[in-house]
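Step one of this worksheet: look at the structure below.
Chains: A, B, C, D, E and F, in written order; residue numbering restarts at 1 for each.
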Amino acid sequence: MPDLGRYATEVLSAYAVTFLLVAVLIGASVWKARKVLRQLREAENRRGSST
Amino acid sequence: MKGLLLRDLRLAIRAGGGFGLGLAFFLIVTVLMPFGIGPETGIITAVAPGILWVGALLACLLSLDRIFALDWEDGSLELLATSPLPLEALAGVKALAHWLTTGLPLVAAAPVLAVLLNLPVPGFGWLIASLAVGTPALSAIGTFGAALTVGVKRGGLLLSLLVLPLYVPTLLFGAEVARRGAQGLDALTPLALLAGISLLALAAMPFAAAAALRVNLR
Amino acid sequence: MKGLLLRDLRLAIRAGGGFGLGLAFFLIVTVLMPFGIGPETGIITAVAPGILWVGALLACLLSLDRIFALDWEDGSLELLATSPLPLEALAGVKALAHWLTTGLPLVAAAPVLAVLLNLPVPGFGWLIASLAVGTPALSAIGTFGAALTVGVKRGGLLLSLLVLPLYVPTLLFGAEVARRGAQGLDALTPLALLAGISLLALAAMPFAAAAALRVNLR
Amino acid sequence: MSLDVQSLACARGGVRILAGVSFAVARGEALILRGPNGSGKTTLLRTLAGLTPPLSGKVAAPPEGVAYAGHADGLKAQLSVAENLAFWAGVFGATGISAAVDAFDLAELLDRPAGNLSAGQKRRLSLARLLVTGRPVWCLDEPTVSLDVDNVARFARAVGTHLAAGGAAVIATHIDLGLPGAKSLDITPFTRAHQPRRPHHDDPFLSEGAL
Amino acid sequence: MSLDVQSLACARGGVRILAGVSFAVARGEALILRGPNGSGKTTLLRTLAGLTPPLSGKVAAPPEGVAYAGHADGLKAQLSVAENLAFWAGVFGATGISAAVDAFDLAELLDRPAGNLSAGQKRRLSLARLLVTGRPVWCLDEPTVSLDVDNVARFARAVGTHLAAGGAAVIATHIDLGLPGAKSLDITPFTRAHQPRRPHHDDPFLSEGAL
Amino acid sequence: MSIWEYANPRKFMATSGALLPWVSALAAILVVGGLVWGFFFTPDDFRMGSSVKVIYIHVPTAIMGSSAWFMMLVTSLIWLIRRHHVSALAAKAAAPVGMVFTLIGLITGAIWGQPMWGTWWEWDPRLTAFLVLFLFYLGYMALWEAIENPDAAADLTSVLCLVGTVFAVISRYALVFWNQGLHQGASLSLDPEQNVADVFAYPLWTCIIGFLFLFLALVLYRTRTEIRARRLRALIQRERMA
């Protein structure tokens, strides 16, 4: 860990915010992708079974 | 009544992002003000509490006409009026739904916007407190105004005109709390007065609104 | 086209005082601001041009959703779209009617309000000039926004969200003209730039608005 | 007696439209209101439903009240058919929506947003609402507008069931609904044109003598 | 030939509703569109009027265009009946409104604000608009909704006059309009349920095989 | 075979599925590598002290925040002109990513501003233009959400994107006129005099490229989701109509 001197709070909080927001973005993307994929599978199955 | 509240919240979310929009509008007004006023930070800081309060008030105002007008246009309001639900309860639920979709998000977002306007940090708490206590009054008074103008097609502007004067005391005390808080002065007295206004509005408005609705439905 | 313009003006007057309402709203915002900001005259004078411009902008904004939504709801818009009138002309006439009922009264009333806010007298001319040149852009841009959101029920808030960022350059230059005018600085350059934006908006917006209308009517 | 109307006078927008209307509808009975366009059917029904106060006379309705369905559908475009119905069921304290769904054959439309329905489908949904109100008296204003022949028959069956269960209905319409035992009332005689000039006016500014 | 439709496919809200519709309406002819609720009459009429672009196929309309009247009345509540009509006359470049007023017996209502009319009176006003458009082809969607018997007859006479003058009309309705020589077209065979499954889809996201 | 082949949903799904792991891996390596390099292995700046380390996130996210809008402009144009559905969906998928990057740029800038300029926020044209861009993102996304028919939404958002771009550019000039500002000029320009020292530049470039790949990976991934959601919608609608 490098010595950040008197800017430690600023630098660390900047990194923290970035990681947090990127994580939220990735998380939301994955969550939505999973949800859509699951629903799509169900719809395709319904369709497959009905024909 | 729970069903009505849930329906209104659901409609607010589906009909183009109820929660987010008021917030976004608040953000934009806060950003626009400095464009008008000029970039000098000193002046902006001085007027920041006022701008935030006026922004919150306008965000409320713009969403007021949704409260009853949609139900009026599609005939639901007539049907609700012939339902077992008393009109007073209807008005109360509508005001609550409006506050949940507009006032509450503003309270949460205010500190972030305060940063943009360089509000001193000790003022944040007071700003939040003033909005939390004051916005319910805005919703209640607005519901009354919406009930008065429900028969007027796209009466948005008329509604603003009726409601704005009624908003003056709330705005006065609300901004005063935020300003004193920012300057480190005593802000408890105006906060107490603000709370009084809110309580009065919450207690009286459902009845006034119901009376207005009854006349408009005739 | 003349018939359409006359009809729109007539409707604006009958449906609860078109001309008066925007004006009254403008007046109220201007009067409320000092309540929010606090009583120090110095600060108010400094921010007066900005407040006037922001007030004008908000008064425009609040009346935007009337531009197309009423015609959409009662089916007239479909009928107009199948009429010999091209949609571009329709959008142009609508923008003109909006400006006549909202922008023009604001221009006329601005000096009176400027007095309330202690704007220095030499600034009056510039204030009026900036509003006269700038408000047509507000109406034109707003017509485009209204065309985008015409299918959205009571999309007033969404409309504001879309339109306000587009208003930024107009507001910047408009307030700059008024501010420089009030301080006795050179205001011709921003006025020329403001005129440029207005011309651009007036020339391009009817086409963009017609395209949006066509999509929404499908 | 389910609905008892005695020498009722009704107004719309401050103008007296009807006067001297009297009739009674018993349980199990339907009354068809007839009259040319603009004669005052809607005005009368709104007064029966309690939306407009009567100018004079009185309406005796059962304590549970009246279910009203007007020209407007009262649907929320963004909510699905099921959500629309469930909302009204909740407001009226009904237990379920399945009977209503069956009566108007809405099962296939349940998940569709109400805004995407055709005119007749919307109307069916708004009629289905009547069944979840659980109210004994129905006041219906041209209920079969934009319904096709099959659905008019479906509506007639629903009214029949309601009557058989001890309900009553007052229905304004221009077409033949196919309700066998229904009485019919032409409101033309109660309109202004057919009334004797009266010395007493409903509007205080209309009493005799120029000002 | 006034209106010529060839293997038309129409969509509503991005969903294909009808396919393979072909018909022709000559001058002096009326075509009655029939089909149960939700079968696609409104969708077809909107496509004919040019409001919705067709998915495929083509509509050949006369150069003067088509007059459309939908489920909504398109009236301004604050304007009087005369002002409403005069406005549309102005838009379509018509010379006067008196023919339209006579045809739908609006003379007594001329000064009333359109918002204060009864449902049937509104509908008459919105039908009168057709006469001031001067367009040769009328596309009407359930024009007789909430009209009483006399006014339905009045409407039938207006259509008859229009046809006699060389006009044409396509009318969707569920009731009998009393137009003697009118052809009738049931659109049920063109709806999705009656179409063969097609390998090629109108929606690029519907082609076979999972994603 | 033309490049437009990839605008076919199926073809796009195949290609993007094959590309996605590589792009994601590259993004992860470059972002993590660049940040570690910058954070642990670079010296402090003589003026800015250790606060210079914020540059490794601030600059790349700021660049990507504005580039994302540019990408949306291009894909919107492709949709309007050639009507390739995937193109419109890619624009829809990119908007939230661009919005978040813009937000990160704003927040890290604000945090950095405190030690450098002594204030969180300054109405500097650069910063303000960036804030306006953020507002554009919000409006754009709200319009997508508000309109139900996907093709109509694609059309309307594309028009908004075009008009918005024009006004964003005008705003930029208007803002410079309004206020001359505090913010750094270009520090990675071609002019070697102005450039930051190489010690900072190498990890910075790594981060910029890393964030570019992160953006690409996210947009590919989200576009795939949008395509599936679109098919799901079509399937459900057909079920209902049947």
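Basically, a residue touches a chain if its C-beta (ideal position, glycine included) is under 8 Å from a C-beta of that chain, and two chains touch if they have at least 3 such contacts.
Here the structure is a predicted model, which means the values were calculated and not measured.
Asker: How would you label the subunit B and subunit C contact, same or different, if same means the shared numbers make up over half of all numbers there?
Answerer: same
Asker: Computing the C-alpha centre of each chain, which chain sits at the greatest distance from subunit D?
Answerer: Of all chains, F has its centre farthest from that of subunit D.
Asker: Between B-F and A-F, flag the pair that has more C-beta pairs in contact.
Answerer: Of B-F and A-F, more C-beta pairs in contact link A-F.
Asker: What is the chain whose Cα centroid lies farthest from the Cα centroid of subunit B?
Answerer: E
Asker: Could you work out how far the Cα centre of subunit E sits from that of subunit F, in whole Å?
Answerer: From the centre of subunit E to the centre of subunit F is 48 Å.
Asker: Round to the nearest whole Å and give the separation of the Cα centres of subunit C and subunit D.
Answerer: That pair's centroid distance is 45 Å.
Asker: With chain centres taken as the means of their Cα atoms, state the distance from subunit D to subunit F in Å.
Answerer: Centre separation, subunit D to subunit F: 57 Å.
Asker: So the centre of each chain is just the mean of its C-alpha atoms; given that, what is the distance between subunit A and subunit C in Å?
Answerer: The mean C-alpha positions of subunit A and subunit C differ by 41 Å.
Asker: In subunit C, which residues are in touch with two or more of the other chains?
Answerer: Correct list: 15, 152-153, 155, 158, 161, 164-165, 168, 172, 218.
Asker: For subunit D, jot down the residues that touch at least 2 other chains.
Answerer: Within subunit D, the residues that touch at least two other chains are 71, 77-78.
Asker: What positions in subunit A touch 2 or more of the other chains?
Answerer: 40, 44
Asker: Subunit E touches which residues of subunit D in the complex?
Answerer: So the residues of subunit D touching subunit E come out as 12-13, 35-38, 42, 71, 116-121, 123-124, 142, 145-151, 174-175.
Asker: Per the contact definition, I'd like the list of subunit C residues that touch subunit B in the complex.
Answerer: 15-17, 21-22, 24-25, 28-29, 32-33, 35-38, 43, 46-47, 49-51, 53-54, 57-58, 62-63, 65-66, 69-70, 73, 152-158, 160-161, 164-165, 167-168, 171-172, 175, 179
Asker: Per the contact definition, I'd like the list of subunit F residues that touch subunit B in the complex.
Answerer: Of all residues in subunit F, those touching subunit B are 110, 119-124, 128, 131-132, 135, 138-139, 142, 145-146, 178-179.
Asker: Taking the complex as given, what residues does subunit C use to touch subunit F?
Answerer: Touching subunit F: residues 144, 148-149, 151-152, 155, 158, 161-162, 164-166, 168-169, 172-173, 176, 190, 193, 197, 200, 204, 208, 211-212, 215-216, 218 of subunit C.
Asker: Which positions of subunit E touch subunit F when the two form their complex?
Answerer: Touch residues, subunit E against subunit F: 13-15, 17, 192-193, 203-207, 209, 211.
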